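Chain naming follows the written order as A, B, C and D, and within any one chain the residues start at number 1.
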Amino acid sequence: MTKLKQLRPQLLALAVVLVLIGLISPGFFSVTVQNGRLYGSLIDVGVRVAPVALLAIGMTLVIATKGIDLSVGAVMAITGAVAATLVADGHSVPVVLAVSLALGLVCGIWNGVLVAFLDIQPIIATLILMVAGRGIAQLITGGVILTFNDPAFSFIGSGAVLGIPMPILIWLAMGLAVGLLVRRSALGLLIEAVGINRRASMLVGVRARFLILATYAISGLCAAMAGMIVTADIHGADANNAGLWLELDAILAVVIGGTSLAGGRFSITASLIGALIIQALNTGILMSGWPPEFNLIVKAVVIVAILTLQSPAVADELSVLRGMLRRKGAKS
Amino acid sequence: DLTVGFSQIGSESGWRAAETTVTQQQAKERGIDLKFADAQQKQENQIKAVRGFIAQGVDAILIAPVVATGWDEVLGEAKEAEIPVILLDRQIDAPDDLYLTAVTSDQVFEGKVAGEWLVKDVGDKACKVVELQGTTGSSPAINRKKGFEEAIAGKSNITIARSQTGDFTRTKGKEVMESFIKAENGGKDICAVYAHNDDMAVGAIQAIKEAGLKPGTDIKVVSIDAVPDIFLAMQAGEANATVELTPNMAGPAFDVLEKFKADGTLPPKWIQTESKLFTQADDPKGVYESKKDLGY
Amino acid sequence: MTHDALLSAQGIDKSFFGVKVLDGVDFSLRGGEIHALLGENGAGKSTLVKILTGAYRRDAGAMWLDGQEVEPRSVAEAQALGIGTVYQEVNLLDNLTVAENLYLGRQPRRMGMIDRRRMRGDAATLLARYGVGADPDETLAHYPVAVRQIIAIARAVDLSGKVLFLDEPTASLDAREVQALFTVLRQLRAQGLGIVIITHFLDQVYQIADRVTVLRNGRMVGSRAIAELPRRDLVAMMLGRELAEATAHRGSGATQPDTPAAFLFEGYGKRGSIAPFDLDIRPGEVVGIAGLLGSGRTETARLMFGIDRPDSGQAAVDGQPVTLHSPQDAIGHGFGMCPEERKTDGIVGDLSVRQNIVLALQASRGWARPIPRREADALAERYIKALDIRPPDPNRPIKFLSGGNQQKAILARWLATDPRLLILDEPTRGIDIGAHAEIINLIEKLREDGMALVVISSEIEELVAFSTRVIVLSDRHHVRELRGAEITAEAIVEAMAVPGDAA
Amino acid sequence: MIRARYLPFVATVLIFVVAYALCALQFPNMLSFRVLGNLLTDNAFLGIAAVGMTFVILSGGIDLSMGSVIAFTSVFVAVLVRAGVHPALAFALALAVSTSFGALMGLTIHALKMPAFVVTLAGMFLARGAAFLISTDSVPISHDFLKQLKGIYIQLPDKGKLSFLAILMLLAFAVGVILAHRTRFGANVYALGGSEQSAELMGVPLRKTMIQLYAFSGFMAGLAGLAYTLYTSAGYSLATVGVELDAIAAVVVGGTLLTGGSGLVLGTLFGVLIQGLIQTYIVFDGTLSSWWTKIVIGMLLFAFIVLQRLILLVSERRAAIRASSGG
């Protein structure tokens, strides 16, 4: 239950954003079942958040080690391109999944090696793959949108199990899996230790390099999954645009979730809520009917407002204020 | 033998890739040595590339300008170095003595063709249109919107109910269409979708299908570019019309260039490419076959 | 009430997270006096200093400087009022040069531009007073903690026009440097400065201070002239109880040369760091390492623990040759090490005390075998009690503990791994006298339980008290080994003066 | 003897010179004043922005809003000039706006204790959004004043030019160098980068420094925007997307640590030049497809970074050996 309490600011922000959208477009909360599948704007938020949510899972761990992974968007493009190529060549879904995930893993390990073993600064190390990776993806697709027609693979993007769309299930499952992995093992603690004080951690025998490598590898895996979802969703690989600038959204989600960019304590659940807040905002803007020139301004203003309310400085002020009120109440 | 520098915008879409491929093919056919520079969507990179071409002393320069403004200075340098410049697929705001000619379509006209098709198609029935805009601020988005609006102006039965940017991509096209459908009574109120490019239209078609509606019938789909995939959709009856933007801008450009080099023939300042309308009646299958290997 | 003192404060309150750490503290400092502020670890000394120097905001109370009520809101404002401070954890900037550190915020300027040449010159002159030959143009990261400490002091002294606060300035200094510092302090006192010094070394208090103020659990216990306060009473004031101080060599655990050495280093060395040395350690033995600053004690420890790689010699554990190329290697052979620089190499600030205590054990078990919460709680509880870590809250982030209590938690971290060889680099630095005695007892007890210990310390008395052997270093050479009855303070001091290459 | 903290800078310069020599071997045309002049002119706006970015990064922060602010400035100026405002006045207004915008971000970062990354990311959205609101069209400007400015240049041999923009950038670097190394503001910035907490305990006025710092970076972004406006004679709200990443890369390639506190402003100049060199090389080569262009840029970036690390490692090793033989 302490957990829920820690998540309070994020949950509150999500609730506020949802309510605001509800005011702007009243049909927002209606969820129906259509074609045996949940249907409604709220469900759309859950589906559309999948890529950013998946990226945010990996990004949370990377950021916890004091790193950052700018390459996730490009990795999405690469794995999407490879998956589409394989699907178009008629390979079965398990093969496609295995190869794509393996590729994501390789990309993650590449980043991890640069950061952990060559001691290259994370932004730059991952910037390399961010630039080159999209090129690689385009090389694979030849710059065109590689389309395919394979219901089995498309199921990942637009299928549903028990009425719940697959993307929702995937990011929930991945969040749960990674969350359990790091919290039921000692990975979480060790990652936090490395992020807070790498030197001290190494001196107590924590294998900091290995852990850092592992976080980038997980981030690569998550990006691969996101890449496949995006590809399956549009029945094609768009190497030029898949995941473009999504790394910024993922980082933003992590920050809204309260994980410090300076590394250390992290919460995957909070990052996922952060991702939901961003996507709710995006969907809300689309529903609003405002001209697109306003999109960025609205997004910026809401994000600033949320972060302001969450900021430690404001929290301090509020608690002081609350204390004063209480004291006053007691006196009178 | 000619050495020609080609400053391409980038590779943001299938159409762009096709233009690059076609340009390279055309150059090869004519024995032209093509120096290719990709600007990664940035004008400054294009300017750098042009300066680089000038420094290398190429015989001519092709530019597919990312934006209309800001070319005077560098084109002035090219002129000074006596290197002819030909613009591809977009006009620029610069004195026309700075370039030999511009081979482009008319983007406003493209939008207009799409709009006129819709006007004719719906007749007097009331029609609520949703619009998928291109990247906010990009010239095709601005011009194609303008042309479409011109075509439906005065038709009180056709209204644009919603208009959002889909960034020219399939994913965003699909996402935006999903929200349009939810916002417009489950899509029942929408009569047509106008997409600034085919990629967004393809995304929108998927969204329409997933909402349990029939694209092409319940909601008409009209878009621009004529990339191969839209013809597949047309063949399936899921898209209604597209306006062609030919990727072969380099062909006419090389033609006039070769003439100019041979005997100094000055071409007209604007070579307009055709903005041909394709509908389901125009043998989509055949067009698809003819286009699918062009590098889209 | 009159405020004729140089600096006075009244009714200072401060709470962190609802816990009161200062409760109505009054304090007054006269000009031309050296005032010792004493108390146990966690008593609130550092917090009081931070409040009086603008680093923290107080919850209640008021302060006066020269009879004027003042309210410094930042360290910068305090500095402008003539208050200079050295905080407990040396707060200098590793990335700046020595001169830049000394003159940050008050650089000499010529025509609006920083006059770097003059700054360098001034820095060299300033440091010369303390006998430090640091290159003003070299980055601070180059220098060990002791040198940084002196630079921090030099900076604070130089910018304090009226009042100087020194929070445990002597913790990492050796006797020679302490005397140099005291000489400077006496000069400043003569000039009418008010000086507040915090230290856990009572000898130093009696040597330098004119008056003491004692804090206990955030309250002021009293303020006395040192002349009328016998040592025993002072200790009682601080602890609220009597303490039997023991410093004489107990002669315990005479070396047992017949048992084979469990840990053996032969010709072990690294160029540019420490000359090759031989060292053998048996279970049930405390090997003390003595030496002046920069004599290579920390380097010896780093090499033994695998932080640095040796370029000569070999190591053996239980007669088997081993490679120690990383801390993991060393830990795998049952080593443990408490580093000297607590803040950068020791604590993991944002983690809780419990997590800090189990960290080494967890690392050695590997990530796949997490320590169950129950076991972690038990460990934390045990060591918090055994070492009297205060406040006894395992969930508090360790960065919010006082310096001495952090040191204890790090010690606990290694004890939890049950090591066979424990290397302690300055384990009693910053620890109050009560805890100091406890740690010495603990070392004693660990030795009796059969652990092998290597203890580096600048406190010669303490080395004499617990060592079975003492290795003396000089100029990065192991110059002398003292055993049994040879271990006396005089013998150690004498050996430290031997030039290194004479060995 | 070179001090350890200058090594990254020296390594960068070394790499640049060697790389330029290699390029010139392959394409003799590249060894001309014309190409050199172009290198400076074409990267002027990036260089100016990178000066601001260097300070921000030296302080341990980051400014992601730069690309958007550049675009905003260019649109703002273009629209004002179109409306008949004298360019000089428009320039001054634009600089005032961008500087205040930066100051506001600095204040936010300090007062709300929020990470610079997020605040400036929001700033990036805001500035770009504001540019859209002013005009989505690209707005050309022409004015005699601008022509006069562009008319200022120093003629170099073989048709090379040290253009006004190049001069402006070199001036910006000169100012940056002086500010960083000869003023208290610069010292405070380095101090922040070392440790904000320690800096505060040493009496660095955090709030003031933070505001000045981001105001300066906003000013430089504005100036870069003006340079961009001059460069293209237009304002365009979609321009310079992602330029902040180029600037960051230039700063880091120039030997500055992203964690703050260590690096030289002059290093950034070479970081910018190295990036320009990569692009020039690719244009001269002229055979790379769109995707190979990206891959090659990535690979060259990788090569530079690894080379830099190797040089540092080797020289550290050498220093250690020298120390041991000397002592």
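Here is the rule we use: contacts are C-beta pairs under 8 Å (C-beta built on N, C-alpha and C of every residue); 3 or more make two chains touch, one makes a residue touch a chain.
All figures in this text were calculated on a predicted structure; none of them were measured in a lab.
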The chain whose C-alpha centroid lies farthest from that of subunit C is chain B
Would you say A-B or B-D is joined by more C-beta pairs in contact?
B-D
Distance from the mean Cα position of subunit C to that of subunit B, given in whole angstrom:
71
Please compute the C-alpha centroid of subunit A, do the same for subunit B, then give the distance between them in whole Å.
33
Subunit A to subunit C, mean C-alpha position gap in Å, rounds to 44
Multi-chain contacts in subunit A: which residues touch at least two other chains?
138, 143, 293, 295
Listed in rising order, subunit D residues that touch 2 or more other chains are 132, 136, 289-291, 293-294
By residue number and range, which residues of subunit C touch two or more other chains?
none
Per the touch rule above, enumerate the chain pairs that touch, sorted by label.
A-B, A-C, A-D, B-D, C-D
Complex contact set, residues of subunit A against subunit C:
184-187, 189-190, 192-193, 196-197, 199-207, 211, 264-265
Partner subunit A, residues of subunit D touching it in the complex
108, 111-115, 117-119, 121-123, 125-126, 128-130, 132-133, 136, 245, 248-249, 252-253, 257-259, 289-299, 301-302, 305-306, 309
Per the touch rule, the subunit C residues reaching subunit D in their complex are 55, 74-76, 78-79, 85, 87, 91-96, 100-101, 104-105, 107, 109, 112-114, 116, 137-139, 155, 159, 271-273
Spell out the residues on subunit B that touch subunit D in their complex, using ranges where they run on.
5, 8, 10-11, 17, 20, 34-38, 40-45, 47-49, 51-53, 55-57, 67-73, 93, 135-139, 142
Complex contacts: residues of subunit D adjacent to subunit B:
27, 29-30, 32, 34-35, 38, 42, 45-46, 132, 136-140, 142, 150, 228, 231-241, 276, 279-280, 282-284, 286-291, 293-294
